[in-house]
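Structure first, commentary second.
All chains are identified by letter, namely A, B, C and D, in their written order; residue positions are counted from 1 within each chain.
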Amino acid sequence: MNNTFGRTVTLTLFGESHGPEIGCVIDGLRPGLRVDEEAIAYRLSLRRPAGGIGTARIEPDPFRIVSGVYQGRTTGTPLCILIPNTQARSADYVNLSSTPRPGHADYTGRVKYKGYADPRGGGHFSGRLTAPLVAAGAIILAALAERGVRIGTHVARCGAIADRPFGDLAADLTALDDAAFPALDAAQAEAMRAAILAAAQDGDSVGGVLETAVIGLPAGLGAPWFDTAEGLLAHALFSIPAIKGVEFGDGFALAAMRGSQANDAFRMEGSRIVTETNHNGGINGGITNGMPLLFRTAVKPTPSIAAPQKSVNLSTGTDTVIQIGGRHDPCIVPRASVVQDSVTALVLLDLLEDGDGQILRRAQNDNAGTGRDTCSTV
Amino acid sequence: MNNTFGRTVTLTLFGESHGPEIGCVIDGLRPGLRVDEEAIAYRLSLRRPAGGIGTARIEPDPFRIVSGVYQGRTTGTPLCILIPNTQARSADYVNLSSTPRPGHADYTGRVKYKGYADPRGGGHFSGRLTAPLVAAGAIILAALAERGVRIGTHVARCGAIADRPFGDLAADLTALDDAAFPALDAAQAEAMRAAILAAAQDGDSVGGVLETAVIGLPAGLGAPWFDTAEGLLAHALFSIPAIKGVEFGDGFALAAMRGSQANDAFRMEGSRIVTETNHNGGINGGITNGMPLLFRTAVKPTPSIAAPQKSVNLSTGTDTVIQIGGRHDPCIVPRASVVQDSVTALVLLDLLEDGDGQILRRAQNDNAGTGRDTCSTV
Amino acid sequence: MNNTFGRTVTLTLFGESHGPEIGCVIDGLRPGLRVDEEAIAYRLSLRRPAGGIGTARIEPDPFRIVSGVYQGRTTGTPLCILIPNTQARSADYVNLSSTPRPGHADYTGRVKYKGYADPRGGGHFSGRLTAPLVAAGAIILAALAERGVRIGTHVARCGAIADRPFGDLAADLTALDDAAFPALDAAQAEAMRAAILAAAQDGDSVGGVLETAVIGLPAGLGAPWFDTAEGLLAHALFSIPAIKGVEFGDGFALAAMRGSQANDAFRMEGSRIVTETNHNGGINGGITNGMPLLFRTAVKPTPSIAAPQKSVNLSTGTDTVIQIGGRHDPCIVPRASVVQDSVTALVLLDLLEDGDGQILRRAQNDNAGTGRDTCSTV
Amino acid sequence: MNNTFGRTVTLTLFGESHGPEIGCVIDGLRPGLRVDEEAIAYRLSLRRPAGGIGTARIEPDPFRIVSGVYQGRTTGTPLCILIPNTQARSADYVNLSSTPRPGHADYTGRVKYKGYADPRGGGHFSGRLTAPLVAAGAIILAALAERGVRIGTHVARCGAIADRPFGDLAADLTALDDAAFPALDAAQAEAMRAAILAAAQDGDSVGGVLETAVIGLPAGLGAPWFDTAEGLLAHALFSIPAIKGVEFGDGFALAAMRGSQANDAFRMEGSRIVTETNHNGGINGGITNGMPLLFRTAVKPTPSIAAPQKSVNLSTGTDTVIQIGGRHDPCIVPRASVVQDSVTALVLLDLLEDGDGQILRRAQNDNAGTGRDTCSTV
């Protein structure tokens, strides 16, 4: 279904940028999970533009949980989160409706929805819809943390500026949890801010690369055909507006390697099986291998720019020029990092909670009893 | 479901490399499509290793359609294709079962299936399972061709050798249909063959990049959230063994561009709306825009290599060294091109045949009547 | 997914009886459908208890549409309807939480949700959740009416009182649209009211049978295996609280017939193919045949009764007696008729809007062109 | 998807009555289950007509498992079973193709599949397709038996003859396992055979009622909305050809009861919670309550009868008369009992193996640890 993702833990997203409220329904959450409203508010604050970068539109993001939580814990029934839209200034966008903005979904949305979609502020296509994803993500990340799974995303590249690579993952993920700007190297973070501001001053925008690490995942999640761990993650990640590429482990760099360089040798680390390198990003044959899960996404530069651009008038069928008013974000890459965390968390909790994930965890507990392998598989 | 892909047109894959037969069930095909068994045989032949590259194992790939076709046409009921396994030499693999091969799914498969999976030749994980995908793909490609949709994939890079980029797409796709080696530039094809043979002589393997173009697609396929055109394609593409990255349009290169470079300006071409460039690969906001669909995948080098590699003995829980016997393919990239065509075709036919795709096509026919837009949206 | 139904047109239900709001998300609605808020309010009013029958709890059911509608029409994006809960008196229910009420879901809900579900007023199990179903149903019924499909449900039996059978369906459905009490025979309606009041005076409750007719459906909806028209309808209908049986056409009475009595002979009616009888309720081989769709459901008597009943204390693990306070409905059968209409409508619109339904409708339009059958198949 | 059922454990059915082979793919089976080919053969033999009742067409039903089993156990990957069609005499059916048989799916199949379906012997609609369901069922029943779940179905009524009701369920299910004719009372079984033969001599057919009992199920399977235990079972059961009604517990008889009669009082039985009666058939609020699951289906009389029947010629669009040749079964009710067992088993294993079912089982093991309830919930 178009606006629902997941099989066991599912998320259904609804709303339009300038409608009264946007929100989502999360279903399949295990009953009894603590729901920390402050954590939700904190994660929503990370999605907000801040510090001179990002759109001037202030999004305080108050939210309400209207179902699925009782006495501070999930009930196991559908959890609906609502976020009211406030301070939207529709007038900025109204004159765009018959001229599609290049790089945006105005044209494709008009074709798909035959001209009936709410055009204000991008409507259902708006990046604003990532707010409910982030709110849901806060709950899901907590559910994962209970199982020892941690997720973090940094801006690996912003325009021409690169962050340092991941190092000690546990420490890096802790640092990212509290970072005002999601980069590992403070100096590079400063350079990225400068690059964003420079683009803004040019009325232009910049893209970047987001890199995610996940630690604490068991081996055994995913499948060889169709529901590979890579495929499920990629399916969801491409929903993040502006993402145009996903690569796991060394990704496209693997294409230039030989097998002898790309293979990750196994070795014992106590009773655990580990790999000496992680070129495959923690996934073999579509299934997690217990090593850190690592992937990168390509984020294109925000399509809203100040310069006049060629477009067409859909009512008259003639060429025209469009100049986009309103306030826009010169770079969504840093704000998108919490969205990427959330989407990743949704996919992984779904894998952990489905029948296979359950079998997997029980198998780990039963391992001694089965006597099948003398070494732990996790 | 793990081994089923699609919503309206679905494919279920079954079998193991050394079992009696492998196959698939395609459901949701429209009744009345002609099924051309020669076209299936031809596509299967393209998947076979040939000309000194690829494994020495000869795969004649006879196939049988046991249901869903009557008097040469699809019935609309499930179409099951079976391909017998012949000439498998299990002995080559038997001693591997307690020592996982680096880069392969032996270890993760063992965890997921708790030691019960058929280990011979990779079992259900084997690249052999792409044969039914290719057979199904031949039928699906024909169904797409009836609607004017054409798909082709070339080896954009093999090891260090790059093919020329796509040019005149209609001509390039025609050339690829008949190519013994799926590259656009014959000299580069020769250089790629040489690189593969050189790797083989070193007992090593090479990876590459596969690039796919699709022409004739209507605008309007896909959705903004979750079932984006990119996400659905990526979900399926990561099932192709060894694929570790997917990028659409300029993909990761977009991350380094500014918005003013990355946006694709619209203009009228007669009554059609087109874009002047195609940095977005034919997709905006998760929805096709009627321009050619373009994407690339990263194919890692085949993990089976001749050199001894470090691994662990799962029975004893100790470090060990593995040397892989048998005959293996030093580069699957050229053979994988027909698999990539097939997987792409499955996703696109599913999009065209679901309720939304149907609405879309009717809308095109009804366009004059609705008077909503004066210019065609396709 | 547990709280989502449908494949192309889907409905996700959320909320608890005594939470702040309940609601649903309908996805897959075609863009451009007019949304008539008065029709929604009218249908919600039919669900309310009235005229001395039904619970004393007044449910004014104000509702808000927070997404998916723009300028009075569906946008094609998810439509979320919210209904606030008002006037709930939780105190009536609070002491029940450790003693499950016989015939209710208190015990099974506790097992499934491990004690974390909201127990107030039945929580997520409450019949109150049918209000969003009815609101959604009003929109869906309108979408069906645009296609010439009409649905109506009468109380075929209430306790010992039987309504007259359906006669002229078009007239009967029109009468039901405006009926204060959904029975075809006014005298029998009066007798049913009396039977309900008599049960109420005894502190007891009565059940009944609801019979639904659908006219205007094309032939060809459904499938032989698994997604039969009967199976899809039954799947959804059993969600209506208290329904314990579903039968199509003559249903259980068919079990006592011979084939010569049960078969429905075909004949031409002008260029239409019809059947002389309708023992099969408009479905053959799981697929609609163009005749009226007819089915009945068995509604058990409301389990909330005044008399003390044996139960157990889940905290102490001992037998006990429970007496249920609060205000309860001695018969939900008449109120459930609009719920049954809504659920039926959801299933049928889903069938009409999926890929197969679309093919079907196009086939009807194309019929002359194909020359396959000289007689219309609808 | 039309020919696939299930969410975690899925079954995909393919084939036509007179094609080379029919079969199914079962996916999601836990790895390591023993597969007993003799048990499959035995269950297939129960589906065969025997002892003078049933069609004269002999169906030896040899079968092959082509994937998903290794060394006698399930691998956890898709298990494909193939059954060759032998001895089909297509000529008997050929002249029917333009005149639909009353009560059959000839007409609706033609509409749905636009004239392209294989018409021979009912094609994909044929009751022959229940053979793979029964073969799969044998494997699934064994998987359930490992968990202590047992299923049995008897002919509660055949024409006018009624079997005795279920009594001691454990004993009755054991008796049914070995019964040549699936009735509990031998004298009534004899009377049923006589009734079937009498109908056969009249060139007519009889229907009946099948009643199923399931013991050993845990409480907690199912959900309140949409995926109720009743709804999931009914969804699948209506796929059994000729089934036109499903009722749980007292079913339609509940409609005439008062709440005081229909409610099932709880009481402790040692540390187990049980109900004193079972009017609700082991399900409250859509969720199993740990009591035996009980339901009945209405089986219409076989539509193939010897007498001439009115029909239409689809090529000419005129009324005509059809006389059905070939050999047909005067009563499928006894043979359908094993099909009903199989379909029931599929639904229940799917519920036990999905994420919720897994949580449930773990919860039972963890019960002591949580301290939430002092009494067992199963």
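Convention: contacts are C-beta pairs under 8 Å (C-beta built on N, C-alpha and C of every residue); 3 or more make two chains touch, one makes a residue touch a chain.
Because the structure is a prediction, the values reported are computed rather than measured.
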{"item": "Contact-richer chain pair (by C-beta pairs counted) among C-D and B-C", "value": "C-D"}
{"item": "Taking each chain's C-alpha mean as its centre, the one farthest from chain A", "value": "D"}
{"item": "Geometric centre distance via CA averages, chain D-chain B, whole Å", "value": "38"}
{"item": "Length of the line joining the C-alpha centres of chain B and chain C, rounded to whole Å", "value": "44"}
{"item": "Approximate Å spacing (C-alpha centroids) for the pair chain C, chain D", "value": "26"}
{"item": "Touching two or more other chains - residues of chain C", "value": "1-4, 7, 13, 28, 112, 114-115, 124, 356, 359"}
{"item": "Chain A-touching residues of chain B, taken from the complex the two chains share", "value": "1-5, 13, 100, 102-105, 107-112, 114-115, 124-125, 129, 157, 159-160, 199, 202, 204-209, 219-220, 222-228, 230-232, 234-239, 241, 243-268, 271, 273, 275-276, 279-281, 283-290, 298-305, 307, 309-312, 314-319, 356, 359-360, 363, 370, 372-375, 377-378"}
{"item": "Chain D contact footprint on chain B (complex, rising order)", "value": "1-4, 6-7, 10, 12-16, 19-23, 25, 27-28, 31-32, 64, 66-68, 70, 73-80, 82, 112-118, 123-124"}
{"item": "Complex contacts: residues of chain C adjacent to chain B", "value": "7-9, 28, 30, 353-359, 362"}
